[in-house]
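We just call them A, B and C in the order they show up, numbering each chain from 1.
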Amino acid sequence: MVFEYAPAPESAAIVDIRPSYGLFVGGEFTDGHGEPFKTVNPADESPLAEIACADAADVDRAVAAARAAFDTVWGPMPGAERAKYLYRIARIVQERSRELAVLESIDNGKPIRESRDVDVPLVAAHFFYYAGWADKLGHAGFGPDPRPVGVAGQVIPWNFPLLMLAWKIAPALACGNTVVLKPAETTPLTALLFAEICRQAELPPGVVNIVTGAGATGQALVEHPGIDKVAFTGSTEVGRQIARSVAGTSKRLTLELGGKAANIVYADAPLDQAVEGIVNGIFFNQGHVCCAGSRLLVQESAADELLERLKARMATLRVGDPLDKNTDVGAINSAAQLARIRELADAGEAEGAERWSPACELPGEGYWFAPTVFTGVAQSHRIAREEIFGPVLSVLTFRTPDEAVTKANNTPYGLSAGIWTEKGSLILWTAERLRAGVVWANTFNKFDPASPFGGYKESGFGREGGRHGLEAYLDA
Amino acid sequence: MPKQQPKPHAKEPVRLPVRKTYKLFIGGAFPRSESGRTYQVNDADGTFLANAAKASRKDARDAVAAARKAFGGWSGRTPYNRGQILYRIAEMLEGRHAQFTAELRATGLPKSAASAEVDAAIDRWVWYAGWADKLAAVLGSANPVAGPFFNFSTPEPTGVVAVIAPDSPLLGLVSVVAPVIVSGNTAVVVAAPSAPLPAVTLAEVLATSDLPAGVVNILTGDRAELAPWLASHMDVNAIDLAGAGGGDVAALEEAAAGNLKRVLRPGDGDWTGDPGTARMTAFLETKTVWHPVGV
Amino acid sequence: MPVADFGDAGGVSTETLTSAAELRAFLNGLPGVDRVGAEERAARLASRSIKTTAKAAAIDLAISMVDLTTLEGADTAGKVRALCAKAARPDPSDPSVPRVAAVCVYPDMVETAVAAVAGTPVKVASVATAFPSGRAPLAAKLADTEAAVAAGAAEIDMVIDRGAFLAGDLMKVHDEIVATKEACGDAHLKVILETGELATYDNVRRASWLAMRAGADFIKTSTGKVAPAATLPVTLVMLEAVRDYRAATGRRVGVKPAGGIRTTKDAIKYLVLVNETAGPDWLTPDMFRLGASSVLNDLLMQRRKLATGVYSGPDYFTLD
């Protein structure tokens, strides 16, 4: 029998999207003086709200608010008191978790299962985790009395809008800094809801400021002379520009940038779990993941069997309405991103790799791309080298462990990698040699606030998460 | 040191000292600059000391290639072994105490200060040697993640590090080189242009300390000429701007952004204090490994 | 579809084994199972949300897959007859409710059960081979089996010798299954692995393949007498095994989780697991069974809720 799942949409009634949103500066929602822009639902291209755009003067105001809060309230506040604000925020995130998840899925296009089960729980966990550090910084290994850096300018991407906000704001606040954060242009809504959460938590005005806008707003923020630290998550190209712009200043900088992770499957891998790990590695969040396992390196002796299983598994992926609880792969975040994915996928075909997607009906409106796998990919193909940031997997083969490691490391990136084998010594041997900041062995795409995350080489520098994540926000 | 000049009026035949040719140190060898260039190095009084090699961008390129080649082997050594080799460097340096003291005196230091600086340089190697097998314990962690996973973080060397050495010709040099290599990085060092000779002599120490070829490569010459090539080199992973002039820092940092090098900005130039761990951690990555736990 | 058709077995039952060493090498050469990954996958599938029409179809399918079971020392003819009546007509007030697949009883109750279900498509399954422990001489196990078959059992649920399996005597386990299969004659053989005693998913996968190679028509998780009984991840691993076995040999082997399945929600999770692991070919009572008893009333209750729109209560369904 054919077991069709009936639609099981999560109710959108829980969120109340206002027609327009202002900037969050000094604890108040205020007008922006740039050209307002619209954020759309990528699943159907419907406009969701009009968003204020911060110009340089607005950014200046936000930085001034953050500086004042740093000097007068947040900097001098005992860590134990800062901690309690962060715990409060964690609790409110938990209380409003369904609302945040639905809003995230609407604005971003990611499946509700992921925003509900991954993004939002990790957001709460992150605040909870760093809250606990706020009054223990002297024990963190950065000297007996480490001081905050000051005002942090933070720019985050659209792939995990609220989670990246948490990764940036939680450690910054725990260490006693104040922040001006710019969410991505296409996904501002959960950050603005977070501003409301800050108000519910009675966080002192100016500790968190949120300025919305596009690249120019971000540039005004990172180049503002009044900030002491820049934290950026996004593309390597923009990361480079930011690194250039802080050159010669005293600003501290951490960057979490692109990746082209190798997911290495040895012939003795637990195959069914490896297939799950591959699927989770590249199709989680539509492949809009900097640490996505976008290069599958499979030992040639197991390649056929693995690919057969992988394709069978891909055929069960459910692509569609992000709010449907059974959706596995949601909408591509924007028209621009969809165009880039298409362009690279076409290049893959043109360069001679073999393209395959399961039969899957894509919705007529919105931005969609079917889960895709390319076989017969060579290291020299663009799809093996460039970050696609979409649900596109490139499969390469190797013969020996040495070759696997060499191919895995043969990239300017170094964010993450995967290893699949039942042999413990081979895991450790491989992990030791991979030039990547996060190595998942017999698992993939796992995140935890206690676990440091960040890249080698052009994937950026600095770590987020864990004790290591404090370093960026402490003047040790 | 070519200080002894034959006395013009001596009757008996005076033995002419054999001078040393001060060359570069690349891949364990001592080549001249491929450019054939040298520059004159004088002592504090303006007296000729040597014609030091004036390295070119191609020498810098070769040094980077040598450092890259050495990286896998050096970073793959056990920390205990690296610690022993750093300690061996201290031993070799101690054995040449007088030579270094003389070379520092030539830069204008009084004898006691020169001798004290050599002492300090030796002790610095000893200090860093001991760090080799402690870094992972101090900087690494087992992370208590919320799930059935064992998760651990370990520090790892960044890779090839370009070091723009400060003007302090021995203690400053040792203070920037030792923390780079102790963790397994390899280095391309641009020695202080004003006093390059202790750097070349240090290379002789390194060459006789069981340090594998290419782990430290030392270039003498024009800092302003060489630094931009290293800052922009796409196969250099990090750069220590300790000796970069204030006016050059912005441009070097900008060039370093080309491949997102880790950049250590110049400090206060005081090499006598407690070095701390910052110079080591600046050139370390953190690798986090996850594995499920289950039967 | 004809309930009697147990897949496309096509006469393939056992393969020639050269030696115990070959069997061991084969089973140990199967890909490993990572516990965390398998449990994560099962939990992910368990989070599927099955609503409205899909739920209605799933409930009816689940009812039709139930092996309604009573395996108590206190079983009597009266108890068994009551169970059979329920099996043939689960909801006396609603003839549209499908019948269950089979009743499952001890060998000495087979005759009673056969008489009670006569004239209905409900089959009689019997446990055998010194169920549940299996600790009896082979001759006794085979006599147990033959008696049940002689009494009219259409399906035999045997237990493997877990002691021999854990001691590494894989040939003994294998040969006992072959012998029991022979004793079954035309009756279909379900092989109970008792996964709760096998301890690891690697063992579950190996035991599954061992049973399939020895000729099992079905592989079944548990006796219901050992905790844990059926779990989603264990069933996932077994479903992967039957899927892979079909890919390798062309023969379809059925799967039966038994024990611990109490609610409609549980039952539907198993159907999702089947749907997305072995595939739709297994979504029939020929290829998938739910060994349970209390789940039936919950399925009936949920069915009525869907039909009437109001929540029902236990007083409206028979307790047998």
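The rule we apply is simple: a contact is a pair of C-beta atoms (placed from the backbone, for glycine too) under 8 Å apart; a residue touches a chain by one contact, two chains touch by 3 or more.
These numbers come from a predicted model, not from an experiment.
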Remotest chain, subunit C as reference, centres from CA atoms: B
Dominant chain pairing [most C-beta pairs in contact]: A-B
Centre distance in Å when subunit B and subunit C are each reduced to the mean of their C-alpha atoms: 71
Approximate Å spacing (C-alpha centroids) for the pair subunit A, subunit B: 38
Distance between the centres, which are taken as Cα means, of subunit C and subunit A, whole angstrom: 44
Contacts with two or more other chains, residues of subunit A listed in rising order: 442-443
Subunit C residues counted as touching two or more neighbouring chains: 34, 36-37
Two or more partner chains touched - positions in subunit B: 147, 149, 292
Touching residues on subunit A, where the partner in the complex is subunit B: 125, 141, 236, 239-240, 243-244, 246-248, 250, 255, 257, 412, 427, 431, 434-443, 446, 448, 450-454, 456-461, 463, 466-468, 476
For the subunit A and subunit C complex, residues of the former touching the latter: 1-8, 113, 117, 268-273, 276-277, 316, 325-326, 422, 442-443
Touching residues (chain side subunit B, partner subunit C) in the complex: 147-149, 292-295
Residues of subunit C touching subunit B in the complex: 34-37, 39, 199-200
Subunit A partner contacts - residues on subunit C that touch it in the complex: 31-34, 36-38, 40-41, 47-55, 57-58, 61, 240, 271-272, 275-276, 280, 283-284
